[in-house]
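Please find one structure pasted underneath; my questions will follow.
First chain written, first letter: the chains are A, B, C and D, and each begins at residue 1.
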Amino acid sequence: ALKRRAFEHKITLRVGRSHGIHAEPTTMGLTFARFYAEMARNLTRLRTARDEVATGAISGAVGTFANIDPRVEEHVCAKLGLTPEPISTQVIPRDRHAAFFATLGVIASSVENVAIEIRHMQRTEVLEGAEFFSMGQKGSSAMPHKKNPVLTENLTGLARLVRMSVIPAMENVALWHERDISHSSVERMIGPDATITLDFALARLTGVVDKMIIFPENMLENMNKFPGLVMSQRVLLALTQAGVSREDAYAMVQRNALKVWEHRTDFKEELLADEEVCAALSREQIEEKFDMDYHTKHVDTIFRRVFGES
Amino acid sequence: ALKRRAFEHKITLRVGRSHGIHAEPTTMGLTFARFYAEMARNLTRLRTARDEVATGAISGAVGTFANIDPRVEEHVCAKLGLTPEPISTQVIPRDRHAAFFATLGVIASSVENVAIEIRHMQRTEVLEGAEFFSMGQKGSSAMPHKKNPVLTENLTGLARLVRMSVIPAMENVALWHERDISHSSVERMIGPDATITLDFALARLTGVVDKMIIFPENMLENMNKFPGLVMSQRVLLALTQAGVSREDAYAMVQRNALKVWEHRTDFKEELLADEEVCAALSREQIEEKFDMDYHTKHVDTIFRRVFGES
Amino acid sequence: ALKRRAFEHKITLRVGRSHGIHAEPTTMGLTFARFYAEMARNLTRLRTARDEVATGAISGAVGTFANIDPRVEEHVCAKLGLTPEPISTQVIPRDRHAAFFATLGVIASSVENVAIEIRHMQRTEVLEGAEFFSMGQKGSSAMPHKKNPVLTENLTGLARLVRMSVIPAMENVALWHERDISHSSVERMIGPDATITLDFALARLTGVVDKMIIFPENMLENMNKFPGLVMSQRVLLALTQAGVSREDAYAMVQRNALKVWEHRTDFKEELLADEEVCAALSREQIEEKFDMDYHTKHVDTIFRRVFGES
Amino acid sequence: ALKRRAFEHKITLRVGRSHGIHAEPTTMGLTFARFYAEMARNLTRLRTARDEVATGAISGAVGTFANIDPRVEEHVCAKLGLTPEPISTQVIPRDRHAAFFATLGVIASSVENVAIEIRHMQRTEVLEGAEFFSMGQKGSSAMPHKKNPVLTENLTGLARLVRMSVIPAMENVALWHERDISHSSVERMIGPDATITLDFALARLTGVVDKMIIFPENMLENMNKFPGLVMSQRVLLALTQAGVSREDAYAMVQRNALKVWEHRTDFKEELLADEEVCAALSREQIEEKFDMDYHTKHVDTIFRRVFGES
């Protein structure tokens, strides 16, 4: 789903934000592609972790095979699709389980990452995307105008629940001698809880991403809240390349940015009206700095890195 | 060090314990071999985790390469021995760091595992092993007779310290949009703290294992605290194989075990004096059940699994 | 500082949000008052926790006072302003320390709570408040137009760092017999780290709140992004009180809300142009529903609850 | 139960251990009294935490009481035995819940503390106490001689499960604006899970303590594993008080302790045979140092501190 949405919005312009503050243009497709790459890494991690715990042991009360031949273990493990544990005690060593639950915790944190992004997109002031909301559906019972991102908020909480199993699983590693049973109650709870919760969360997240509504026009509107201001870095670079000292260039850009900030005027117009700026850059050069294509020219390259050629 | 100590005490007999209670004989070498296998797994995990975080990104303020060519990133990463991050924002995605710190947490838990085993060995009542204690060294300042396992107790605490970085590293994954800087203060503390603490812990643990003193005679003495009792399972199996019902066999073994438990008599002697037992098993059969070699016959096999042929 | 800012903006109107979505009007002062109340609770918690750990013990190697009189303990504790520990071993019981660090973790979470609120306020799209930014100060080195909430992002990270000491402090409680020294390395790190980090965080937060810039006009602008829509609940209630069935009322409100949502028209105007609505409510009744004072009428009551009479 | 067992074994001698190593004599009753005092503290903490969360709010969609009078809240809270929340949003502030779950985590750690002590007592080599084991009960199915501390091992695991809810509860504090619903899924799981698990654990622990078997004669045997050695500190002090330099005294004690350590001879006999020691202390003085009453003389005082006069 992430891949499909990524290609769908490959060049849908959107403002990139650092610190929650507008920075430079990017595209909605890059956001989806980024989550796709993260989840692809998680799939690899999960496979490794699953292989790690898929071992079996039938080695007797303290692991010496005194009363049972090692070939029995090999035979049963082969039947069950497990690897025989090279050396066990009464139980399989619990560092394997710790690594498994730690991996679930990492994946849950990625779920939270996607969920938080969508919750931000759905804020009333941002409104660049939203969880699907069917026509007949009622939102808030008390407030008929509301459409809430309840699924992704729920996913944020589920991530915490999966993560909370990591430390107990690690505390389980240090069993006394050839085993004590302190790990058992822990695993009986976190085993089903963490795996089922994460499975549910991943399924829910897939559904949300698959059906979520994207508002490209709001993305443009947000980007232009302070018209042209997101291009300030490019103008700064152009000025310095035209021979203006970095210090002066910074001052020129900042004073015009301030006007935009205060009066919501157009940054390009302010620059074109600034004599010092115009002394350094021609009208064509200034206008060219506000070309959006400049920011999307490497999207293809990045997509090839993430999704391969195709 | 674990490997050397494992081979040194490959067949040093020791009682295996489950629940802290004597179960069946095993060997000290198997304990070391078990830790060796666990640490070998950890080395693999650490290499994977290190590769995962060894990526670099120079992709601009929001990751679009608008003002910098992707080839710069490739060139610099190549120089630094890093893999270019396929898709980044202003920063490298933090799921990589979460996986790294999670791995440190697993390794720390294994350190705790070994440390707890040694602390148990050094208990006054057990005294099967001890941290090295040089001749001139003073133990407790107030109590001249004491030799304390202070290094392994310290390692138990250090494990907690490394583990505590796992959850913050996971909470760092969900950054707002193209980055917020909340992860930075966290990483500036847990980055050096967790890696240095774990490195110190591993070095200290290696030293402890390398020089620790083993008391084979105490192991035998402990095993014989209730003489012969650890063989109860074997006798039980023999009785059932001789045609006695499992229920009767259990009763026969338990009543004789009880005498040993209460009067510290010899389990073998009690069995030889029990008419019902002797009706089912010959004197030779009973005596053969107390043969220690029975329990070590597969040690070679296990060592081959762990250390390979050699 | 929270109290001063609360009174300053006691009736500064601001839209209340649930799920990040506009709900109903509230005031900025209520937000500050809410944090004030939370921090007042934290102060009480901290005092309780500090009293809990302020005990002393000089009771000998295992806590029996065999070689030292209890009166020595009483005398020294009195000099140091500590309570004598009623029953100790070689050390003071560690449940006291666990409760102390748990309290630090709660307080740190409240710091995060305030920090996240301010980060949301400073988002470009929201811009209802901002960390103070002095005139000469440069923002982003690359992007001259940016003012980033770096202090509150930093506080978000610091909260994670303080919280991470809670679990190790709890793992420290179960010492072996009359003490083992595993708690020591943990406390030597989390003791200074958690207290200093939290102290720094609280000082930084106080400074941020004290000097933060509030944009009341932006609050009004945000509230009116979809003009009048936040009053939908009141209209719904009025319709039902006027005898319209809840189902019909919901439909009436929703269809007019939808127009506002799609065309950014004024909700009140839409209602006044809706024949069915006008059949149930007079023009005066409808207009009265958009009176802002309705939402602030109990602010005084709430302030009295929080700050007492004054 | 802890109180009853404490008085029962008020002066049952037992060796005190630091670092798992024999230190000086103490009594079994002091161990129980110590746990009693810890649990009494926990009861106070739990009551405080329960009062903290027993608040109610009916203050409307964002907490302004716009559509509902504060008197409704007061009335309903009074009916339910709750305190009205002085200032709420759509929900009650979550620092209250964080403090509550943190308290559960501290109590769970105390449960672990008692459980670990009992598990140590039941070790085959120590055997100073044991979980009750009814006559007909079977122990290990495979090993008829075994009595395992499975209840206290289980409690060790349950403690980890309760503790794991602390961090998610703290992560729940920072809700977005007037509430987001991310806390809800977390509380729906940890709410019942943590409270039920802890309630079960406390009930189980009470049962274990109530019925556990104490072996006073084994305590004496353990204390005398190295006969008289636990008195080394007292002899050291006596020598210095008799005018021997601390350095010389330490050497005298250590050389005799070493003999006991190696040959399990009697420490008192060794001292009486040491000319230098006898030059400093008379026979009576030496013998007096091995008087056990010396170590229990303040037990009454400690009991009064813990349980009050009675």
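Following the convention adopted for this analysis, a contact is a pair of C-beta atoms (placed from the backbone, for glycine too) under 8 Å apart; a residue touches a chain by one contact, two chains touch by 3 or more.
What you see is a predicted model; the values in this text were computed from it and never measured.
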Inset, instruction - Could you work out which pair in A-D, A-C or C-D copies the interface of B-C, where over half of the contact pairs coincide by residue number? - result: A-D
Inset, instruction - Taking all residue numbers used at the chain A/chain D interface, answer same if over half belong to both copies and different if under half do. - result: same
Inset, instruction - Report back the single chain whose CA centre is most distant from the CA centre of chain B. - result: C
Inset, instruction - Would you kindly tell me how far, in whole Å, the mean C-alpha position of chain D lies from that of chain B? - result: 26
Legend entry - Length of the line joining the C-alpha centres of chain A and chain D, rounded to whole Å: 43
Inset, instruction - List the centre-to-centre spacing of chain A and chain B in whole Å, with centres computed as mean CA coordinates. - result: 35
Legend entry - Shared-contact residues (touching 2 or more other chains) in chain C: 17-20, 23-24, 61, 119-120, 140, 142-143, 148, 150, 153, 163, 167, 171, 176, 180-181, 233
Legend entry - Residue numbers on chain C that touch chain A, as the complex places them: 15, 17-24, 119-120, 122-126, 138, 140, 142-150, 153, 167, 171, 222, 225-226, 229-230, 232-233, 236, 250, 253-254, 257, 260-261
Legend entry - Partner chain D, residues of chain C touching it in the complex: 16-20, 23-27, 30, 33-34, 37-38, 41-42, 45, 48, 52, 60-67, 70, 84, 86-90, 93, 95-96, 98-99, 102-103, 105-106, 108-110, 112-113, 115-117, 120, 159, 163, 166-167, 170-171, 173-181, 233-234, 237, 294-299, 301-302, 305-306
Inset, instruction - Note which residues of chain D are touching chain A in the complex, please. - result: 61, 119, 140, 142-143, 148, 150, 153-154, 156-158, 160-161, 163-165, 167-168, 171-172, 176, 180-186, 189-190, 193
